[in-house]
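Sending over a structure as structure tokens; questions will come in a sec.
Chain lettering (A, B, C, D and E) follows the sequence in which the chains are written, and residue indices restart at 1 in each chain.
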Amino acid sequence: MLEVQGIHTYYGLSHILFNVSLKVQRGQVVCLLGRNGAGKTTTLKSIMGLVPPQRGRVRLNGEDVNGVEPYRLARKGIGYVPDDRRIFADLTVGENLEIAARPVPGSEGWTKERVYELFPPLKPMDSRRGGLLSGGEQKLLAIARALMTNPQLLLLDEPTEGLAPIMVKIFEERIRRLKELGLTVLLAEQNLKFTLGLSDYGYIIDNGRIRCEGPVAELVDNEEVRRICGI
Amino acid sequence: METSFTLAGLASQLLVGLSRAMILFIVSSGLSFILGVLRVPNVAHGSLYMIGAFAAHTIAVAFEGSAAGFWLAMLCAPLVVAVISLVAERLLFCHLYEREHLMLLLFTFALMLILGDLTKMTWGADYRSIVAPPLLQGSVPVLGTAFPRYNLFLLMVGPLVAIGLWLLSTKTKFGKIARAAAVDREMVGAIGINVSWVFAFAFVLGCLLAGLGGALVSPTISITLGMDHSIIIEAFLIVTIGGLGNIWGAMVGSLIFGITQSVGVLVLPQFAIVFPYLAVVVILTLKPTGLLKSVW
Amino acid sequence: MLQVENLQKSFADFKAVAGANLTVQQGDLVAVIGPNGAGKTTLFNLVTGHLAPDRGRILFKGGDITGLAAHEICRKGIARSFQIANIFPRLSVFRNVQVSVLSQKKLSHTLFRPAQTLVVEETNHILDSVGLSAKKMDIAGSLSHGDKRVLEIAIALGNEPELLILDEPTAGMSPDETTTTMELVKRLAMEQGLTILFCEHDMDVVFNVATSIMVMQHGQTIIQGKPQEVRQNITVQEAYLGGV
Amino acid sequence: MVKNILRTPSFLWTAAVLLVLLLVPFIAGRFYVYILAVIFVWGLLAMSLNLLVGHGGAYQFHHGAFYGVGAYTAGLIITKTALPAWIGLCAGPVAAAFTGLVVGAFCVRLNKLYFGMLQISLGSLIWILALRWYSLTNGDDGIHGIPMPDLLSGSVPAYYFILIVVSVCLALMYLILKSPFGATLRAVRDNPQRCQAVGINVRRHQLLGIVIATFFAGVAGVLFVVLEGSVFPDMLFWVLSLEIFIMCLLGGWFTFFGPMLGAAIMVALRTFVGSYTEYWTLILGVVLILLIFFLPDGIMGINFRTWLRNRERRRSTDVVR
Amino acid sequence: WIISALLLPAPAAARNIKIGIVDTYSGPPAVFGNDALNGFKMAVNEINKQGVLGNKIEFVTRDDKFKVDIGLNMAKELVLKENVDLIVGTVNSGLAMAVSDAVAKKEKIPFFTWMGKSENITGKAGHRYVFSTTENTAMAGKAAATVLAKKPIKKIWVAGDDYEYGHALDESFSRYMKQLKPDVEFIGKTWWKVGEPDLVPYFTSIQAAKPDLIHFCTGGASMANVLKTIKTTGINQKIPIYIHTAIDYAVLKPLGTEAPEGVMGTMDYLFYYPELSSNQKFVKEYQALYKAPPGFPAFHAYTTAYLIAEAFRQAGKIDREKFIDAIEGLKVDTPVGKVEMRACDHQAVYPILFGTTKISKEYGAAVATDIMTLRGAEVMPSCEEIQAARK
């Protein structure tokens, strides 16, 4: 579904990603692991077109999407959950969700009600301003918002940061259900327990380079991986 | 000095203040809208107001001052302004949104300089003035004083604009997107919305209101170069005391401005000019973020 | 050292903190835990003066600090970090920390001495201890998320606080960084006699580090006690730990 | 230590420029001497503003008011009292700083645009005072022909006086910006909330910044009086303030000398382009837009950028290694 | 268009006389600046046909944007860099004062103001190097007072733009009115801020006080507002009104037939009156060139050019001091007869016309009727008064 081929990404003049390649098959949950500053966020941003890579290619469903603007990518079915939440502080929780809504004609897509069902804590806050939510609530909202665009591929950047353990558990279970419904997920995470339980395949990134890849089960046992990820 | 402090005098003063407030409101609501969505202190707003007035004059004159010409002027002058702003936005402004707000201020200042000179080139330095159609000429008795019909007309237009704008920004998806884009443009893009056009539309809409204000004010004043300077500062003060980006705030601010000015004349004619400024100082001292909720 | 009594705070019609009680002894490492939206951050904001409480008292070293301004409370020896990284994005990492040290040494208003030469050692020391020395000339805004969180703590340390309040210090850190950071926190508590109050969702961290745990739910304190006691509390298990 | 400073390239540069400026009256026509003096006055004004805008992040929208207060104070003391002119000249900056203190005390409670607008209102009240108090200020005619002490009469002595005073002020500002106060000011600009949490009294800090900046604005006002012998209400009008603001942005507001350069450009544009076309504001507008597009950080900002670039380069090699 | 309007190249021998113009070509006062420039250009063209001292007059213009500091800058540039022989200009009387002091007096260079109407320029603040070729507020006030004192007027209300010019008009009219008719009463004053768009409220309160005369002290763009409001409120049908320059065609034309009738006003020049052949010729030529009749700024500038040229001829060479000596007391022919540059205060002596507005079919706008002419010498402050004021 998604194929990243040897991308190089820069912030201004600083070279952050070096020849990063990865592949996500439809219906898979793929994780991207690495320590702080390794380049996980940057990889996701490059895919989303927020920091377009200067070299290399990103293909979505076989189509070249280099240099395509983020809003078009979103319409092509990528949902993005940033690590720093980026809630629309002025809008109420409900409005945050409404403006993201992008119903898919024909199929039954996500609606506000269904999202609230998924994340019950959000429901009573429907009319509270997004900026006033607690850190964890904002995180939930960011995920909910991404779902509202009815994505086929979800880019999750540290979705569990700041979530209470019970929430993490619920979330893990929900993602599993979504996966069964056919959602594809690319996950950048530090929370190993959560990640490993969920994903099918993993990439290890360090200093802007992909160091290892493989089915998660193998990765966990790999000594180098443990070192790089700092376990 | 001595002024006759009659009830009728006060009433007429209030009414005039109110109708003056409507012009101020129309102009400043546009400014406030742009401030709210684009976060840009649009200094060129006054120039667009001036262009609106000049354009209205040209159109009205082309129809030899007939009533139809007047109404056409009221309709088309704002559109002229909208087109100008659309060109400026698509050609220049849309490349700058990522910049620091103060840089955008600099940009709109440059725009103000350019538009000011272009106005002079196009229309020259002569004073102009247009006449309201017969329907709106003369006055009607209100509370014992003669109240110009045109001002009555303004009193009806202002609230219409306010309600329209309010519905647009709170009840429509566009309004919500605009408010979201004000906070985080990039993220709005990431949920699949083409922000660029949202911003363009917001900018043009705001400017259109400036043009509308200019067109509406043209029968009551003489249209001259330099109109831009006098209005812009008032408009900024109004949106500030009302709460940046808040439509009703702009309304409240305009009313305060219009009424302090006109009633101030009765109380202390010599220093009537200080009242609006004093009002701003008092309000901001008591409520540091303006009277109504601001989006900033 | 810190005593919070029946603190309350509502926003409009919503009670974010509805009767929180907390006791922090000198040298304690107190963790506040609770589900999302329990009111932890709000509680910290109340203690550090970023919000004014509606009701209740906050005592610090015996003095009443309820309702003081944030900078005044800071001067009394309470420093904090923020849940959502809150740094000086356009200054260098070094400056970020130096500003805080300068403020602590009451040098902020010095007009005619070059800042370059002041408090350099102290600042470097802090940067060393949190492991940011290598990046000290970077513009803080360009750090990665995790590094910003570390810087966040470093800034707080610049204040040489007696009580350090950390809002989810390890959120967004990789496992070993989490360990290092919490080691650092522990070390600071041991070596400098720092008292630490933090909230955290990572239960391993909490149960490893904390000497006392306070559990909040719906703005209320459910229980405060030793880790063992808390772990056994049924309500906590259900409400929060989800049977961990 | 001192020797080291003397050897730094920036010091040498400054010394060389100063030397050239000292020689200007001997090599250039009187008009250029005059224009240079104008640039210095405007430049000092813009740099004092930049203390707050570029380094303090404050929307100081009516800085001109303090410039005007400085000038009016000097003008009024000299023409309306029997006090020696020097006292008038010294009183100007003090009065400006005091006004800054009062206005600032109101403003620092506010943020951003609110700050700016409140200041415009307060400044406009001062402007109205100058405009309306005919018996004292001559209203919108202004006060002209303010006599200067003998030492300063004539354009060349005035030039030297202005040059010296401006240099001293710049040196002071430089020191202030390099001091902990300056560093903290920038921190306040970046994140006032965080500053509070490290124990900085943000408002008081900003207020001190305002007092310092308005003091220098007052100095500029006094220098204007020395140069032109006139004061008039336009000096207190918000349009002038906006122009100074623009000078800062134009020259490069994150740099030290940028505003001075911005002032030079504005003055040069209006004097030299102004003599070819009455549409020089149009040209100014176009130039501004070009600058915004091609030199986003102002003209002096280029340096800043290259510096950053070099740093980034160093960093990126680190990553590679 | 490009400003530096240089004329035909000069013959080799001596040099041309170079005049610097600092005036307002932007913002509302640009109307006056442009009009004056047209008049000046026309005069210079005529003069250059014969030449002055065997050479020509050339001029350069600078836009002061109605700002004192910019104007000063420009004036200094003209003097120090362009080396002009004299400076003329500006609508902004504050700037005129500043230039008079900081440039004319300091650099000893003659400065003519053709639009700065403050009486202080040649009154209190006058000196050897400053000249005025416009009527001033003192003249307007005295002329109006002379006429109005004869009418049955007791209670006067003063209203106007709250700026120097407005106050100066009030001050001089009141002063002379009290002199000529000690029993008049000024029962109230209303000042609004310059550019105030809505004047109706002020009018209502004035009307309620029932004065015998309203003196509006206004000018420029606000004049049209005042006249418009007079028309909408119909106040002119109940109370006599006097406004200096109300009968100015430039003001009345934009209002067309919407202008109020019966408003009294004073002017020092009307293109349709007096119907002298010299004036008609001037108007015809001007109209041919600029497609509009000349306003008073054009006339002032035209006169100024002739005064300057004649003074240089009398002086015999391009020398500032000689020039001043020559121009003091000089009389030149103008479209409306001889105009003198009074020696004692350097104020041009113009006759003042007093008239009343009336819609004219011919012009499609209001013009002045029942015009009375007051001789310049009668309406100017005497030389003794000037002497006293300058002390």
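In the analysis below, a residue touches a chain if its C-beta (ideal position, glycine included) is under 8 Å from a C-beta of that chain, and two chains touch if they have at least 3 such contacts.
Please read all numbers here as calculations on a predicted model, not as lab measurements.
Student: By the touch criterion stated at the start, how many steps lie between subunit A and subunit E on the shortest route?
Tutor: Between subunit A and subunit E, the shortest chain-hopping route counts 2.
Student: Name the chain pair with more contacting C-beta pairs, choosing from A-C and A-B.
Tutor: A-C
Student: So the centre of each chain is just the mean of its C-alpha atoms; given that, what is the distance between subunit A and subunit D in Å?
Tutor: 49
Student: Please work out the Cα centroid separation of subunit C and subunit D, and write it as a whole number of Å.
Tutor: The computed centroid separation for subunit C versus subunit D comes out at 41 Å.
Student: Counting in whole Å, what is the centre-to-centre distance of subunit D and subunit E, each centre being its mean C-alpha position?
Tutor: Inter-chain centre distance comes to 38 Å.
Student: For subunit E, which residues are shared contacts with two or more other chains?
Tutor: In subunit E, the residues touching two or more other chains are 25-26, 162.
Student: Can you tell me which residues of subunit C touch two or more of the remaining chains?
Tutor: Within subunit C, no residue contacts more than one other chain.
Student: Could you check subunit B for residues that touch two or more other chains and list them?
Tutor: In subunit B, the residues touching two or more other chains are 116-117, 120, 229, 270, 273.
Student: So in the complex, which bits of subunit B are touching subunit A?
Tutor: My answer: residues 173, 176-177, 179-180, 182-184, 186-195, 295.
Student: If we count contacts the way the header does, which residues on subunit A are in touch with subunit C in the complex?
Tutor: The contact residues of subunit A facing subunit C are 11, 14, 34-38, 41, 83-85, 121, 128, 132-137, 139-140, 158, 161-170, 190, 192, 229-231.
Student: Residues of subunit B touching subunit D in their complex?
Tutor: Residues in contact with subunit D: 35, 41, 43, 92, 95-96, 99, 102-103, 105-107, 109-114, 116-118, 120-121, 229, 233, 236-237, 240-241, 244, 270-271, 273-274, 277-278, 280-281, 284-285, 288-290, 296.
Student: So in the complex, the part of subunit E that touches subunit D is made up of which residues?
Tutor: By the definition above, subunit E touches subunit D via 2-4, 25-26, 60-63, 65, 67-70, 72-74, 76-77, 80-82, 93-94, 97-98, 100-102, 105-106, 118, 120, 125, 162-164, 167.
Student: Tell me, which parts of subunit B touch subunit E in their complex?
Tutor: 1-4, 6, 8-9, 12-13, 16-17, 19-20, 23, 116-117, 120, 124-129, 131, 138-139, 145-146, 148, 151, 217, 220-222, 224-226, 229-230, 262, 265-266, 269-270, 272-273
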